[in-house]
Amino acid sequence: MNGKRRVCFPITSRAYYGRSQLLIRKLHTHPGIDLQLMLGGSILLDKYSRHVADDIERGGFTISTSYFNVIEGGNHVAMAKTACLTALEFTNGFHSIDPDIVVICGDRFEQLAIAMAAAYLNKTIAHIEGGDVTGSIDESVRHAITKLAHVHFVTNEDAHRRVLAMGEDPKYVFNTGSLDVELAADVTTELTNERINSYGVGHAVDITRPFLVVIQHPVTTETENRRHLEETMRAIAAIDMPAIWFWPNPDAGTGEMADFIRHYREQHDAITEKIRFITNVPVDEFIAMLRRTSCLVGNSSAGIKECSYLGTPVVNIGVRQQGRLNGEHVIHTGYDAGEIAGAVRRQLRRGRYEPSNIYYKPGASQTIVDLLAGIELYTQKRFFDAAHVRG
Amino acid sequence: MNGKRRVCFPITSRAYYGRSQLLIRKLHTHPGIDLQLMLGGSILLDKYSRHVADDIERGGFTISTSYFNVIEGGNHVAMAKTACLTALEFTNGFHSIDPDIVVICGDRFEQLAIAMAAAYLNKTIAHIEGGDVTGSIDESVRHAITKLAHVHFVTNEDAHRRVLAMGEDPKYVFNTGSLDVELAADVTTELTNERINSYGVGHAVDITRPFLVVIQHPVTTETENRRHLEETMRAIAAIDMPAIWFWPNPDAGTGEMADFIRHYREQHDAITEKIRFITNVPVDEFIAMLRRTSCLVGNSSAGIKECSYLGTPVVNIGVRQQGRLNGEHVIHTGYDAGEIAGAVRRQLRRGRYEPSNIYYKPGASQTIVDLLAGIELYTQKRFFDAAHVRG
Amino acid sequence: MNGKRRVCFPITSRAYYGRSQLLIRKLHTHPGIDLQLMLGGSILLDKYSRHVADDIERGGFTISTSYFNVIEGGNHVAMAKTACLTALEFTNGFHSIDPDIVVICGDRFEQLAIAMAAAYLNKTIAHIEGGDVTGSIDESVRHAITKLAHVHFVTNEDAHRRVLAMGEDPKYVFNTGSLDVELAADVTTELTNERINSYGVGHAVDITRPFLVVIQHPVTTETENRRHLEETMRAIAAIDMPAIWFWPNPDAGTGEMADFIRHYREQHDAITEKIRFITNVPVDEFIAMLRRTSCLVGNSSAGIKECSYLGTPVVNIGVRQQGRLNGEHVIHTGYDAGEIAGAVRRQLRRGRYEPSNIYYKPGASQTIVDLLAGIELYTQKRFFDAAHVRG
Amino acid sequence: MNGKRRVCFPITSRAYYGRSQLLIRKLHTHPGIDLQLMLGGSILLDKYSRHVADDIERGGFTISTSYFNVIEGGNHVAMAKTACLTALEFTNGFHSIDPDIVVICGDRFEQLAIAMAAAYLNKTIAHIEGGDVTGSIDESVRHAITKLAHVHFVTNEDAHRRVLAMGEDPKYVFNTGSLDVELAADVTTELTNERINSYGVGHAVDITRPFLVVIQHPVTTETENRRHLEETMRAIAAIDMPAIWFWPNPDAGTGEMADFIRHYREQHDAITEKIRFITNVPVDEFIAMLRRTSCLVGNSSAGIKECSYLGTPVVNIGVRQQGRLNGEHVIHTGYDAGEIAGAVRRQLRRGRYEPSNIYYKPGASQTIVDLLAGIELYTQKRFFDAAHVRG
């Protein structure tokens, strides 16, 4: 015990890790904070992360503990059990390293499980990115985390209003802007053909010429993820432009989607001959890629958030991001190949958009770190009835 | 598959089982419903439940599956891990019996874990007793369940308002009144000395003369549960009236509280010589006991809910029930022995209260069953911005 | 309870399932036996099994329960935790279906965990294929299962002697011959180019002309599985004959081996252009393939057992099968590419061998089923000191 | 990494901890060894151990990690699941602290699970007390551990012969004598009335006058543990001599046995009025008590081992210790109250025995520590066919 506040940051997915770079670095160097990194879930698996754990340690951070706890299957049962096992193991980890604050990021299913464990251990929980509205199980996860968390860092005004409506104490709800967008504003990396084609499998993509980026994750509340992906594949084939295609996240449904891509690659070489399939790239190159692509297609939150600031045209497919505050750069479509292709063509004709600041505030990470270091901690929550609710 | 709606009722504690009698029986006999009982947690352990599982089967219900998953320790780590293991095992159970609806009751820690598992499996979740405000971890658990659930049966108007404020769809939020209070209104059992003294250990209590009932559960968000229990023990000793004392619930803190009682019994025979220590009694005798006791002391929700209808004087200690809507029959106190004793003496002088209907609506269980049988099911949740929130 | 003996057969890998076909069918139809199939582990995962679970149900068998419990990682930690989770879940399954006998097959790591759970529940355990000597963790697993099991079905005389030496009761140790070899003798399927090239990925193999089969699984007690596999790849490349190559088993080390194959395929198209990579094939086609291949290369037990009866030349690499009784058809090598290639060339020159009966007894499956149906059951084990041990 | 050999000692029960005192202290101070203590199971639970974990830390040892993993129920399901959860958590622990050697003691069910996890992680396993023969599940557990272990420290010649017969490498099997007996020889503590009556509940026992000690643990392979305990209770009541009675171990069956004692105490005060019920006492006082008691009754291994050296008369009940090498000081009986009482009376008439050295070798703990520090480590096991087996 050195008098520092112990801030635990559980990392379970490469996406959150990448986008939290600025925050993690500032937590690491803050004189009043002992940063405790705990790793679990897909971030430990090469197939999703290409040794992110090694990267983390090379970055000078110490990993307090790490747990292999992804249960194979890529279906709902595997997803639920992964969450439960993660929470059980993180309970042991929390018991051992005894954090003062546990920082929960976003709305991934295993993060709710970790938040539950932390709450049962009477830890103060800080939640980043609450209050947004989307589809998929993320919608339920996000708000349930809000009701377990004590300190809230939201990214926009709509979210702020909703977190208050849900009964959180206004003294502990802060609109700091989005970490993802702060990072997007911060990155200056230039992407090269050599770099991008060193990742993944498939055909080389020439990024000095127009290219698409496709990121389509499972929607856990739907049953036709495979068919939906096939529609997108047909749309991209119809456009006939080189594309960088990301493998889906490890949520329920990922099994059949990955299976589809694997079989498609083997059996439709002609269709996939302009596509490079990539698991992930370092976050700075990811942003450089978003900055350069002619259009992002799929259902990634990066299309809503990072691209709003970058002005990148986006075709957002289906319900996964439905309800999230978004700028004019987004065209929303259903799952029909023709509709998707039409929307992409419209964006290609339109070109880039003006940057928007709906998710951007300068210094988001610094604001969060300062609050984590200094805010008064508490554990007993109590529903805060807003004036209009008290009736 | 017989065309019936499969309604799964996970039972993990004797208290919820007892109070859900009317509902379970009506679910069991409804022609459009296949009732699936799943058992786990403390209900399977003799020390808490004296063979409730056997009782259930004698009642003609079939138990779909049962899991031993309480981790010993009686502390926060054990509580958190019990929740995680419960959720992992119930995932297997849900996968196997494939319910259409999972009914989650109240605010116990393991019920949130089960709700999480059910949500990840895309089950429709119905929640009973959301929207109340209390202390302990129950407060966080209750609202987090609300944000995972699709159908809400609340017990009072305050709760109704809060569940809507939290963004739930008004079409799926119903104020049905309290099942506990409906049962309290329904029970006609008379308690006898013979019956009550056949339970538990310690000295015989003559219930034809004035007696107290003490029920003090752990507050998981506090660290001095043992000392608080000792204050109550000293208050009861000072009153010098026979008492029926219930062992604490298996939440974090129960270990030290049970330990305190065990040692106290061994070492302070004089003080405890008017006390009978009981694990639990059948719910109808429990209500008969509440109807007859001179005063209920402690922090049980029965003091707030059942006793409001029965008009039983209550001394409610500490934060556990703080914030819950309550009638005039309750005196709230802190943890000081003198303050507690003073409040009990005031209630003894005052005597019984007029019944209140703040938690009572006739036919609560029938209302719930009819809705479970007929309501349109959905799984994809979406935050419902109330008018005042849309801003 | 219908008076039948409940015989539970836990299936956790496609290999054991395939080779146990005759036994499972006879257990299913025996009038005195209720067959209880429990599924877990890799058999439920498409990537290893292409819907074996569906096949099982199409075969008319009822699956009592199935558990997703493979933890991703392909390393030792994932392997150990998979075993533990499997055992925890099978405990629930055993508790629920209450078998009289649990049948444990072979020496896979998760089968020891299941045997442990069954032993702790006081089930009588029957073990098939004890007493052999090999390398890898299988060696420890196999003998530890023997010491938990009550009835032993061994496949050869050496194994018989060893199981007795380990203190098992001679009345309960039976040399029934190998189920795998009985099946190999039984199968009459002919393999076709169309069938074999419908499985897996890579280039088509013409099986009407000479071809190799490569099956190299991880050796969990070694650290250089990737390098060893690379040596084999170089050997096969040097031979320059079409090859059917099977993906490795999901033991510790499989992660890096699968990774190696994936990257090799992407980057060395010239070398792998004569190779077809297959996850698995139905067992009858597997045997037809062994009957036809010019040489089996790697470390599969099929090379020692099935191929002894079929007379197929085998090059056995490394320690995995070291110590197992084997016929003259096997050439043992280390991990050097040159040594492996040399041995394969020698076998190609030599051609097929005379069949051997060292592992073969007619009617192995019937013998086992009859014993399972009729043998007197017991649970309390006691070390049986052989005469020479009593000293 | 300091060049020291990391020796991990998993402690899961107070009994093994107590009896391993000399060994643990020598491991702690050996200059070539880093001792890693891992705690789990019942040792962390007050009800069994009265804060042994605290004692350990006061002793100057560092606990590497500790896991709450005892599942409540006291039955076979709870026992099996406790073992599985223990192994899962210890896998994480081993992964984190990376021991060179894991020391497994004796034959408790959770130790086999831990040994399995260690084996799957390719750790070298040292086993203390293999080769003995007993009843209960311990018999299976002990020999299964032998087949997973690489280095064997046995306590007597019979055991030595058996471990070799089971195929272990003679270079790695050592008869070091019993640690328990070495400690019994070492302890000089005198027991006082004050000390012994400071433990447990019930009536004070005057140890300056004749008294009995009763230790009867569950036999997991039997179904009538409660009835057997009742017979013993009736026998002790018939003898009418003060007795110190130990609560049963947390094996399957402990639930009903503890329940029996609790109810018996409440309802048969006359019979239990000469009995003190104790959970446990420090190991030095335990030995002082054995040295002084008129007769040890029950089925503890201390009756066979420590008492052989101390010359204390023993009545050993049932199968739990059946088959273990024993001296003349033991009378074996079945479960009949009359038979037990008769045997106790015979022992009381007979008085103390001459000490025996069948389990004793001086310096057992030093021998073991020196071997652990210096022996060449290996992980790949291979059955060692003894001459007479090779056939």
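Note that the chains are named A, B, C and D in the order they appear, and that numbering of residues resets to 1 at the start of each chain.
Quick note on the criterion: a contact is a pair of C-beta atoms (placed from the backbone, for glycine too) under 8 Å apart; a residue touches a chain by one contact, two chains touch by 3 or more.
Given the structure is predicted, the values throughout are model-derived calculations rather than measurements.
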| item | value |
| --- | --- |
| Chain-contact steps, minimal, separating chain D from chain B | 1 |
| B-C against A-C, pair bridged by the larger set of C-beta contacts | A-C |
| Type of chain C:chain D copy interface by residue overlap (half), same or different | same |
| Distance between the centres, which are taken as Cα means, of chain C and chain B, whole angstrom | 51 |
| Between chain D and chain C, distance of the C-alpha-averaged centres to the nearest whole Å | 38 |
| Cα-centroid distance, chain A relative to chain C, in whole angstrom | 41 |
| Chain B: positions in contact with at least two other chains | 77, 81, 85, 92 |
| Contacting residues of chain C [partner chain D, same complex] | 76-77, 79-81, 83-85, 87-88, 91-92, 95, 109, 112-113, 116-117, 119-122, 133, 135-137, 139-141, 143-148, 158, 161-162, 165-167, 220-222, 252, 319, 322-323, 379-383, 385-386, 388-389, 391 |
| Partner chain B, residues of chain C touching it in the complex | 65, 67, 89, 92, 96 |
| Interfacial residue positions of chain B with respect to chain D in the complex | 44-46, 68-73, 75, 77-78, 81, 85, 201, 255, 259, 262, 266 |
